[in-house]
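Just so it is clear, A, B, C, D and E label the chains in written order, and each chain counts residues from 1 on its own.
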Amino acid sequence: MNTDSLSPIILTLVTFVPLAGAMLLLLLPRRARDIRVFALVVSLLTFVLSLHLPVYFRQPSAGFQFEINKPWISAPNIHYHMGIDGISLWLVVLTTFLTPLCVLISWHSVEERVKEFFILLLLLETALIGVFTSLDLFLFYFFWEATLVPMALLIGIFGHEQKVYAAVKFFMYTMIASVFMLAAILWLYAHTGTFDFVAIRDLITSGAIPKFPTAAKWLFLGFFLAFAVKVPLFPFHTWLPDAHVEAPTAGSVLLAAVLLKMGTYGLLRFNLGLFPEQSRQNAWWIMVLAVIGIIYGALVAMVQPNMKKLIAYSSVSHLGFVVLGIFSFTQAGLNGAMFVMLAHGISTGALFMLAGILHERRHTYEISEFGGLASPMPVYAASYLFIVLASIGLPLLNGFIGEFLVLSGAFQARPVYAILGATGVIWSAIYLLWMYQRVFFGKVTNAVNNSLTDLSEVEKWAVWPCAVAALVMGVAPILWLSAIDSAVHSALTPFVHVASRMVGP
Amino acid sequence: MNPNLNLWLIPVLPLAGAAINGFFGKKSSRQAITIVALFFCGAAFACALWVAARFSSLSLPYQEFFAHWIRSGPFSADFSFYLDQLSLVMLLVVTGVGFLIHIYSVGYMCDDPGYYRFFSYLNLFMFFMLTLVLSGNYLQMFIGWEGVGLASYLLIGYWFTKDSAASAGKKAFIVNRVGDFGFLIALFLLIKHFGSLNFTQVFDAVKPISPETAGVGLLTTIGILLMVGACGKSAQIPLYVWLPDAMEGPTPVSALIHAATMVTAGVYMVARSHVIFERAPIALTVVAIIGTLTAFFAATIGIAQTDIKRVLAYSTVSQLGYMFLACGVGAFSAGIFHLMTHAFFKGLLFLAAGSVIHAIGGEQDMRKMGGLRTKIPWTFWTMTAGTLAIAGIPGFAGFFSKDEILWKAYQASWAYWLVGLITAFITSFYMFRLWFLTFFGQYRGEADSTRAVHDAHSAHGHGGIHESPKVMVIPLVILALLSVIGGYVGVPSSLGGNNHFDRFLGPVFGSTLPAESQNPAIGEKRTSERETEGTEPKTETSTELMFTGISVLAALLGFGLAWLLYYRSPDLPDRIAARFSVAYDTLVHKYYVDEFYAAVFVKPLINFSTRILWQDVDRKVIDAAVDDAGYGAEHVSDDVRHMQSGNIRSYAGWVAAGSALVIAFMVWMGVR
Amino acid sequence: MTIQALPALLQALPQDADYTRILPEIVLSLFGMAVMLLEPLLDEEKGQKILGLLALVGALFALAATWCMAQSPGLAFWSMVQVDGFSIFFHVLIIAIAAVVILSSYEYMAVQRIRGGEYYALILFGTVGMTLMSSAVELVLIFIALEISSISSYVLAGFRRNSASSTESSLKYFLLGSFATAFFLYGVALMFGATGATNIGQISHVLQSGPIPLLAYVAVAFMFVGLGFKVAAAPFHIWTPDVYEGAPAPIVGFMSTAPKAAAFAVLLRIVFVIDVHALFWIIWVSAALSMTLGNICALVQDNVKRLLAYSSIAHAGYLLVAFGAAPALGTSAAMFYAASYAAMNLGAFAIVSHFANVGERYVSLEDYEGLSRSSPLLAATLTVFLLSLIGIPMTGGFFAKFYVFSAAIKANLIGLTIIGVLNSGIGAYYYLRIIVMMYMREARKPVPATPPPFALRIALAACMAATLYLGLSPNLVLEYSQDSAQQLVQKNRPESPATTSAALPHRE
Amino acid sequence: MSLHLILFLVFGAICVAGAVNLLVQRHPINSALSLIAVMAALAGEYLLLGAEFVAAIQVIVYAGAIMVLFVFVIMLLNAGEEEETKGSRVASLFGVPGMLTGAVLMAWVVLRRSGTEPVSIGALPGHPTEIAHLLFHDFLLPFEVTSVLILIAIMGAVVLASKPEATERKAD
Amino acid sequence: MVPLSYYLFLSGFLFTCGVVGFLIKRNIITIFMSIELMLNGVNLSFVAFAAHWRALAGQVFVFFVMVVAAAEAAVGLAIIIAVFRTRETLNVDQVNLLKL
């Protein structure tokens, strides 16, 4: 292994540096500026550390890397087992990439309880990274649940008018769904004696678990329900618009960009990884839900009067693509799903930042309040347009690659679904451009808007990295895909016979 | 084997220009912006010329790999470039006409506050268009395909404070997306069945397939889906609605994007995919029918329009229909030929129209023009050249190309020919109508153009009707020249030429069908073509000549009618319109297609989404179910807690009852 | 007595080891008496602190004594008490609870102006009863110990004797408690009738050496009623909310943890040592009912104490789930649960009692509005406890739940586990309401918020440390509880080494 | 029918009558007196079972000391006849029938129980010495622990029954 | 001779009477007396079983029960006094401040 000495502990570092930062932040005096700078430094440090991962990632290898496996609790056999493969690698980097931007975007928008805000943000980062790096089911669930609290608090404390409703709804919805996963995890532990993902997967593959065939159906559903709510797959999506609208900008960003990916990541890693047989059997209706999600999310997004709600519903639509790709069980579909996850993270994250910037100035998200903003805020308008274009899947920007791969993969598996899903290409253009037109074009109808200031330096630093990332991902997706491809290939190994059966005419 | 041409430079140069202007233009001087924009566009043109110069020494098709783009399992799509005769023609047209229009724009846009933005967009468009033209696979082509759509969106909505402009831009993008949907599905089919999107690989895989004659086979499906894409981009029925609205953009944009280059991308794509289409006769028929119908309908609409640019827009739609008709009957080279000549004369017409608009301070309504002949002579004369070219007056570029198409159409079916002929007549009519209305008679506009207009010219310092500056006139002249002589590269043999153009493209469109399985219809035509090239029978030539005569006659008739109605007795049209008010209204309202779309697709969709999906399904069903679960729990809670009555005796009662149950159960267990 | 009889007599006397094995109880009693005796001698105002300190020192000494006790495991006083890992665990737990309660009572007593000599003494004496419950293996002793703990609780519940609600809670607790005790006692009598023995070991031996008489079933039923009442398991939970609402807040913290832990210890001995399989379904239903009723009723409560009372019912339900599992696993899970529940619930009640202020005026949810602003640290601390009660990772509550459900699933109790996890999901709602009040709403009326005094801080720090420790590094406690559970289960049934999970009546 | 049985029935009848009377009487004093009668009769039953010492204690401690306390409190609080309040439907709808069912079940269980043999006076060595031996040897610990219980009871009674002081009253 | 079951019946009857008394009586003191009745019933069982098993432990148990009953009586009556002091009533149905 030709990696440097940092590799064995790098995942631990990346995961827990934000936590350590949060702890230190606790001790810092309540001076807002210091706290912001400190949070930024911590999150940047995490990002820099996380860059170690792609740099030293051994491309052709499909297994887990940077693994660390130490016993944590002996009695239930819980290990501190972390590791990443091509699938989780980029999600980790996505998280660490977005957190500094979240700090920046909150620079001025959070004026009260600054300390709490950044502590929660850093805690959330730790939990999110933990979700993606855990290879022990217990550890995974541990981090999975741990994401709930900071997120709910971010929404509930720093949110807008209906914040409490949204926070509670978010919390309860995902909490109740994820307990089913807990039950499934417990079942697996009870019958395998281990929480280790790899070990359980091997046991399942070798058919060594008694009673597994009868239970698998329910276990699959247990995992699926938790993930489906998180994704959110139609019809489990209604928490999302509320949560998004009420959340503070940084919360929305992380919620859309990373939290939702926990669901799709889970589907990919656990539902597909542990229950290939059941995944195959259930794929048809899950794909139906995904397609409904794509179209439904888009149509509902189209008619939203509230910018953030619109973006939220667009997430439902985009995540539908991801699920469609995942359950196509094709190389292209899964690659695409992974890529959509990342692309959606960047572009929707940026969209929420942009919406937040507007909210900071006008304290509203109502589209009808705006109009003609391109005149007073040209840079903002241009940045917004760029991100919108990325989001509607313009080639050479990040959205396209994923959608294309997903749809072509889905087309190989089930053409009709893919065709229906492909209408999403039209819908996304409709709702985003329509919204863009209403907000930015025309004359300034609302006199207040004339005096709006353009992007500040801090905001530029927050938004533009996303734009650059969107462009780079669109032009050189190969940088990402090469790592994803091999991981997906091995994830699909159990499905080879499925795929070959389906590709026929 | 082949020298490295570095084709990637050609698209990347304008991109650099766009980036420089986009990022730094705001603070740069106008001169700097102009220099950057023109330099990079001109450099691309120069490169194109350089490539053309070296073209003969290449073994074709010339391919150039630049970088990997997407790789997923066995599938991969790369940044690669593909050069053959077809793309060379397109390359030259795009860079050449594009460069001219850039020059023109310098004058036209000189007072616009968003000057840098405009050139940035324009350069960006060049980048995408060149990417489209030069791409070596369908996916990269799709980059350009979508990219030009984006540029079009940006440029149509260039004056974004105008609601109509913003809407038009959005409409263009969305309608194009509908077409792209078809395109994408076609690509998926290609991937699924051929595993690649590279032109060479796909075509090599398709070539052994015999033509599908019956049913909707794979290639037919692919063909039709590609045609759907082309319909969007090239504004064919039923997706043509965006193009007339696109005239909200600045006139150079209309000339460059919505006349000369972008809208022809569909034709280019169909021609590029001719290997597939040749094997899908049904798809070809669809192409031909769509082309014919579009040509006819758009032309009829053109009759009644009063906005000078809109007339030209419908004319563009109509001419694009011709090109598709050509492709549909298998005469791809004729289609490309018309594409080229059309780029010249329609670009010219738009620029000239722009010059007219410029001259009279932004007015676009022909009813408020008239008598401009003497005031803007350069514009008048160049416009005349363009009009003659499009009307199909012999000797001008449009004549040759249109004539070839009609002839090829006749060979496929007389119906195509007939409709095409009528269209030619109408075309001639409305073009001369425009010509007469604009340049002859009395000036009908307000003497002093002080009215607020939407063009940037409202702030224009120089009042009164005036000729455009040199920087605008020079491109006009060049294009006028091209409109006159452009047709001579492809003079059909029947007219004494030897059809250089057709021959030049021959290697591209040469029959790829396996000899034993030739489609009778196409096969025959092919045979006849081959004969035409060699020692063609006399009868064929004479028939062709006769048809040429007929079409010339139609053009002249059109001129005559226009002369009669708009020069001789200008009050006649109103009376006719009054007499046939229904028909006239229908034409004025463009057959109510926009209204139809709004009523059938847009409004129901919005209503459906708002009322049913959002308000009912999302809020009242799904979300309400979630909330009700919560409220339900609270209700249950409220009921259940009445167990806690506060009365000790009740509590004891619960305990007693509970213990009775426990005891009973245990007794049962014990007995069992 | 003749001199010859002396050796026999000496042998008949308790040995040193016997005293060592009840050393904590002795220490506690002595300190209790010391507090009692000292009280009249001290100044009324200033004496309170000294008495409290004395009680605290007593508790700490008792902890030390527990260490001594742990050095000599075995039976004492002719098979009255048994010192094993199990009882040591509960000794430490209960005494620690007492210490924390004493700490958190200082301020409360001062604010409520209650004179505290008897108060601290009662806590210490009550602790004696509870610790004895955990180590007693003789039904007589269990009964007496149970009564000690109960009667001291009755009195403590009514300590704010001017308050109607406090006396009412005391009365309700007393009447219903005695009622339930009578059931328990009847069960003991029947068990005695069925087996002729009152020692748990003997009973177990008798029951397992032959067919189980019908009377034993009934006896277990009655005993379950009594103990179910003590642990507030449905349908015998009904007293809990009223009593908890009326009783002084620190005492509620005490009552909801220590006597419960002790009662669970007894129940564990009865269920797993006597090992009556027939109880399985009753426990199943009771657990399911407790969880569901507790959680459902808590949803709409507006009084924090009452809300936490319902939550304690729910938690009793979760704990009961462990009883359905295989003995070794179930016991250790239940032990762990008791410990982490004690940590988080005590902490929560300590804060509630701090906020309650004079006359327990501020105990409604509304009063918690905007607390995160007026006293951020306390709010954060309470949040941690509430999160632990919800079962969020990094807290003891998460692990406790996880361990219980894991044990249950291992015993194939899938239905109960599903009910349990669903309940823990639903239950999150009402804890969340408190958090919402503190963090997401602004205060609408002034609620006096004083900084917590030193003693309370220590108490909170201890609870917090325990909660986090159990949540992050539960290894030590888990291993200990597993070992002692193993001992408990194995030692008493040498003749049936196989775990009973296979022999249990048809489980799902 | 032996004398033994007759005595059992006589004492039993008093017990039953007393218990029922306790329920029927409206005034607590009457109930208390009925309870005393039950306890006295029970002492008789203990004698029949050969538990002389228990019988004696029953009379002294239970019927004597405890019931005196009851009567004393009744007097102290001047408790009158109880009012008929409709307080609890649960108690009458679920509690009483439930308990009666339980009683019937119990009776059935007792009936089913095999191996019941009759016992008589003196059949058991209920001598105080032996009881003392048990109490001070085998049951030494519970016996000692009882002192704690009594201590608590005393303390509790003192705390709860004493008049609240002025400072406390003010606080509430 | 008297069968054991007779004693058990009597014991059960007393216990049941106690329970029923608890459920139907309104006066707190009477309710408390019902509890005493229950304990007495239990005691009878103990003594009967002690006779049955020839085991004195049952009788010893009765002593402890009596002690407990005495202790309970002391505390219970004190509580009743305290309640009476704050409520001025002995009717159990009116002691329902805490509910729901």
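To be clear about the criterion, a contact is a pair of C-beta atoms (placed from the backbone, for glycine too) under 8 Å apart; a residue touches a chain by one contact, two chains touch by 3 or more.
Everything quoted here is computed from the prediction, not taken from an experiment.
Asks: Just to be sure I understand the contacts, which chains border both subunit C and subunit A?
Replies: Expected: B.
Asks: Among the chains here, which has the CA centroid at the largest distance from subunit E's centroid?
Replies: B
Asks: Of the chains present, which has its C-alpha mean closest to the combined C-alpha mean?
Replies: That would be A.
Asks: Pick out whichever of the two, B-D or C-E, is joined by more C-beta pairs in contact.
Replies: C-E
Asks: Using each chain's Cα centroid, which is most distant from the centroid of subunit D?
Replies: Farthest by centroid: B.
Asks: Would you kindly tell me how far, in whole Å, the mean C-alpha position of subunit E lies from that of subunit A?
Replies: The answer is 64 Å.
Asks: Once you find the CA centre of subunit D and the CA centre of subunit E, what distance in Å lies between them?
Replies: One centre to the other, that is 5 Å.
Asks: Quick one: report the Å distance separating subunit B from subunit C, using the average Cα coordinate of each chain.
Replies: One centre to the other, that is 79 Å.
Asks: CA centre of subunit C versus CA centre of subunit D: separation in Å?
Replies: A distance of 29 Å separates the two centres.
Asks: Please output the residue numbers of subunit A that touch at least 2 other chains, ranges allowed.
Replies: 172, in rising order.
Asks: For subunit B, write out the residues touching at least two other chains, lowest number first.
Replies: Each of 630, 641, 644-649, 652-659, 661, 663, 667, 670 in subunit B touches at least two other chains.
Asks: Touching at least two other chains at once: which residues of subunit D meet that condition?
Replies: In subunit D, residues 87-88, 91-92, 95-96, 99, 102, 105-106, 109-110, 113, 138-139, 142, 146, 149, 152-153, 156, 158-160 touch at least two other chains, as defined above.
Asks: Can you work out from the touch definition every pair of chains that touches here?
Replies: A-B, A-C, B-C, B-D, B-E, C-D, C-E, D-E
Asks: Within their complex, state which residues of subunit C touch subunit D.
Replies: For subunit C paired with subunit D, touching residues are 12, 14, 22, 25, 29, 32-33, 36, 76-78, 80-81, 112-115, 118, 121-122, 125-126, 128-129, 132, 138, 140-141, 144-145, 147-148, 151-152, 154-155, 158-163, 167, 170, 213-215, 218, 358-359.
Asks: Spell out the residues on subunit D that touch subunit E in their complex, using ranges where they run on.
Replies: Against subunit E, the touching part of subunit D is residues 2, 4-5, 8, 12, 15-16, 19-20, 22-23, 28, 31-32, 35, 38-39, 42, 45-46, 48-51, 53-54, 57-58, 61-62, 65-66, 69-70, 73-74, 76-77, 79, 82-88, 91-92, 95-96, 99-100, 102-103, 106-107, 110-111, 113, 116-120, 123-126, 130-131, 134-135, 138-139, 142, 146, 149-150, 152-154, 156-161.
Asks: Write out the stretch or stretches of subunit B touching subunit E in their complex.
Replies: Listed in rising order, the residues of subunit B that touch subunit E are 641-642, 644-649, 652-653, 656.
Asks: Residues of subunit E touching subunit C in their complex?
Replies: 8, 11, 15, 18-19, 22, 28, 31-32, 35, 38-39, 41-42, 45-46, 48-50, 52-53, 55, 57-58, 60-61, 64-65, 68, 71-72, 75-76, 79-80, 82-83, 85-87, 92, 95-99
Asks: Could you list, by residue number, the parts of subunit C that touch subunit B in their complex?
Replies: 171-172, 175-176, 179-180, 183, 212-214, 216-218, 220-222, 224-225, 229, 234-236, 238-239, 241-242, 278-279, 281-282, 293, 296-301, 426, 429, 505
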